[in-house]
Amino acid sequence: MTNQTLTHFDSTGRAHMVDVGHKAETARVARAAGSIFMQPATLALIRSGSAKKGDVIGIARIAAIQASKRTGELIPLCHPIALTRVAADFVIDEAQNAVHCEVTAECFGKTGVEMEALTALSVGLLTIYDMAKAVDRGMRIDNIRLLEKSGGKSGHWLAE
Amino acid sequence: MTNQTLTHFDSTGRAHMVDVGHKAETARVARAAGSIFMQPATLALIRSGSAKKGDVIGIARIAAIQASKRTGELIPLCHPIALTRVAADFVIDEAQNAVHCEVTAECFGKTGVEMEALTALSVGLLTIYDMAKAVDRGMRIDNIRLLEKSGGKSGHWLAE
Amino acid sequence: MTNQTLTHFDSTGRAHMVDVGHKAETARVARAAGSIFMQPATLALIRSGSAKKGDVIGIARIAAIQASKRTGELIPLCHPIALTRVAADFVIDEAQNAVHCEVTAECFGKTGVEMEALTALSVGLLTIYDMAKAVDRGMRIDNIRLLEKSGGKSGHWLAE
Amino acid sequence: MTNQTLTHFDSTGRAHMVDVGHKAETARVARAAGSIFMQPATLALIRSGSAKKGDVIGIARIAAIQASKRTGELIPLCHPIALTRVAADFVIDEAQNAVHCEVTAECFGKTGVEMEALTALSVGLLTIYDMAKAVDRGMRIDNIRLLEKSGGKSGHWLAE
Amino acid sequence: MTNQTLTHFDSTGRAHMVDVGHKAETARVARAAGSIFMQPATLALIRSGSAKKGDVIGIARIAAIQASKRTGELIPLCHPIALTRVAADFVIDEAQNAVHCEVTAECFGKTGVEMEALTALSVGLLTIYDMAKAVDRGMRIDNIRLLEKSGGKSGHWLAE
Amino acid sequence: MTNQTLTHFDSTGRAHMVDVGHKAETARVARAAGSIFMQPATLALIRSGSAKKGDVIGIARIAAIQASKRTGELIPLCHPIALTRVAADFVIDEAQNAVHCEVTAECFGKTGVEMEALTALSVGLLTIYDMAKAVDRGMRIDNIRLLEKSGGKSGHWLAE
């Protein structure tokens, strides 16, 4: 990582939305994951809701997809991106008292979609927090990370 | 936690924005915290930037404050809230190769501001990820949690 | 209706956001309703989805609630309003091959929430159209109307 | 319509923003129509306003065009779209005591613009309701439907 | 102006949304003004349009009012505010080849509405630029300033 | 400028988002400039802040970049645009007691980016006003203008 610099700043240190006009348009994919940990009783409430009524996971999924489209408004130096696909999967993990979420975002464009995947993921988990907070304020959102990305000049990247 | 139910759903399991019209307006405060972990060289870049040029932390702070005002748009069942104060502190931790963030949100109103604090926090940390991702895609956002809240019928709550 | 004028325009015909600063804050409620009509097979798909998987109605409900919070952005002369409650009910009507929707919006404030209820309703029905349009482009949204409103100087109003 | 499924859900029933990355970019057009019915005296107010002062129709037209650009924020599973043209026509119909609206939306892209046309139309009609509601709360928005669409794999579609 | 500091920063220089929770709610008014200067032929086009067709001024007025409601999203450290009135007047000035605009914003709250008036004003003038730019790219927006404000602890202020 | 008309209106004077579907996609650049004038003591506060703490200029730069992405929401007849670069430079001018700002916006598309540059510029200057208004309400934003644009059928344009 020698001689690395932060590309969101020009040579005098001023933030800018970096020039991507010259970049090729390629198919781009990003996958991100994260989890929310909670009390066993809270997880039980969410799980029963998903099966019968009070669909916490279904609402979190919609919130995640919706948030992916607002990424450029939330993250100051992100470019606006025409997403071509967003999917959010949630897995209820009784062993760890957690809900795990994985989001995949795709576009065909000049910049990557890592932030779109991560923003969707974060808002999806926050939505679970919101719905269950009245019974469990101590929930913890953890381990938000990029799993994989492909496309663009930097090519394929896979988390170790 | 016996007989608990998720208040965002009515008795038939349908989601709604719960009625807070009858609640008293009180001073409400929420504090939330979280961290982003990274490579030592990435942290060094952020630290040097903050001192001289390329102010990653300053931009993340603005992104966090701005996001707090969009909470109701992002989290489906949140009420719109007239925030009266938002502050975001970031601490660079060389021992752990992390940036820690703490957000305080306040309002005088009928509902709490936990989600506003947590949303600001998440977007602040995502903004750091965005700015440093070109040099370190493996950064991890961790331990997002509520520290404390006060105001409203449920009163004071402090994380253990 | 003699001597009526449109209050969104001043005496010279210029549009404005009318002054409500002097109005009393009162509890305000509005109920609106509307329907979407479709092919029997389309309704069957929606109905089976709601029961088992592919929850069209659940997503339309979230879209409706979310839209109520954006009313002031969409309707040019609406005041921003701090909604205290929004609920959206959907009824599947096999006899008429329709989904009927009713939205209730509430606030405690200086202006009514009719537009919030009607905007939520419209976006909820449009969301159903979006999800089913690949199998039935000829669906029709009909009979969007206010059912009832209360609060404010004009008091209670009930549709005939 | 045998073997039809709702494409906004995957094989396990989970909602997603469907993958359009592989679709060809084609010229796409959608036309939608709808009406608002009212008291004769209300229509007279709107008509006189449009001619001289208090331009209800002009404001509704701007609201419709503005709303078309927010479609992806309002309809949860819509893709963001770069619209290339939006036009909204309103016709005052004294025989039926109605204002009829027709919206045309166009883009060159991977997905259709039906929802953009329908969303613009709905918000345009809601804006008329908003401006005239102080004199006529019983107005009714009716017959919102797609008239025609072209472009994309499904090709041309014309309402019967 | 001795010992003045910028209140949007805390004692260590960090930006925050300043605490207004303790402030009294008072009636607040702000008036702002500004102008756009252009070629005589451009002004003639705008003037004829306003009279007969192509209502540039009417559209700019709606854009100004709409923008006032987005102030908190645009100006990073502004508080969200429940505006109770916004009005925008435009005057065509043939002697100076200009359109002058004045915006008045009002609320009953804990913070002033100067930024709401100035933001509405700026967007109103930019909208005129947008509509006429195809015939006159050299237009100039000038003299954007606060004329007057009242309410709050700092009381009445009038531009000299 | 004979026979000029305002292209945002059709032949009957109705506003529309003009059809750009047939236009070629070209590289497009726009540069805009403007200034804010203030008391010498205000400028000194801003200048000291930028050097040490309370970074007014840094925050105004982020606000400008963020606003460029919202142009289509603010300016009614603007097309949504996928910006590929935005940069905002601020110069402190002690001789004139002013901060000068210049914004460059770029895209590769069917329409120009003049409004994106001008909107970013205006919001950047308004953000400076917001941060310093508590010590100097008499600041004046002046001379907002396009400096240069290139790309598209009308080609290169440079302010005299």
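Read from first to last, the chains carry the letters A, B, C, D, E and F; within each, the first residue is number 1.
The rule is short, and it goes like this: a residue touches a chain if its C-beta (ideal position, glycine included) is under 8 Å from a C-beta of that chain, and two chains touch if they have at least 3 such contacts.
For clarity, every value in this text was computed on a predicted model and none was experimentally measured.
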| item | value |
| --- | --- |
| Third chains touching both chain E and chain D | C, F |
| Third chains touching both chain E and chain B | C, F |
| Degree value of the rotation bringing chain A onto chain E, based on Cα positions, nearest 5 | 180 |
| Chain whose Cα centroid lies at the greatest distance from that of chain B | D |
| Pair from B-F, B-E or A-F with over half of its contact pairs in common with D-E | B-F |
| Centre distance in Å when chain B and chain D are each reduced to the mean of their C-alpha atoms | 37 |
| Averaged-CA centre spacing for the pair chain D and chain C, given as whole angstrom | 15 |
| Separation of mean Cα positions, chain C and chain B [Å, integer] | 31 |
| For chain E, residues contacting two or more additional chains | 14-15, 55, 58-59, 62-63, 66, 70, 73, 76-77, 80-82 |
| All pairs of touching chains, each written as two labels joined by a dash | A-B, A-C, A-D, A-F, B-C, B-E, B-F, C-D, C-E, D-E, D-F, E-F |
| Touching residues (chain side chain C, partner chain A) in the complex | 55, 58-59, 62-63, 66 |
| Of chain A, residues touching chain F in the complex | 10, 14-21, 72-73, 76-77, 79-82, 109-110 |
| Complex contacts: residues of chain E adjacent to chain C | 27, 58, 61-62, 65-66, 68-70, 80-89, 106-108 |
| In the complex, chain B residues that touch chain A | 1, 4-9, 12-15, 34, 39, 41-42, 45-46, 49, 52-56, 59, 62-63, 66-67, 70, 73-78, 114-115, 118-119, 122-123, 126-127, 129-146, 149, 154, 157, 159-160 |
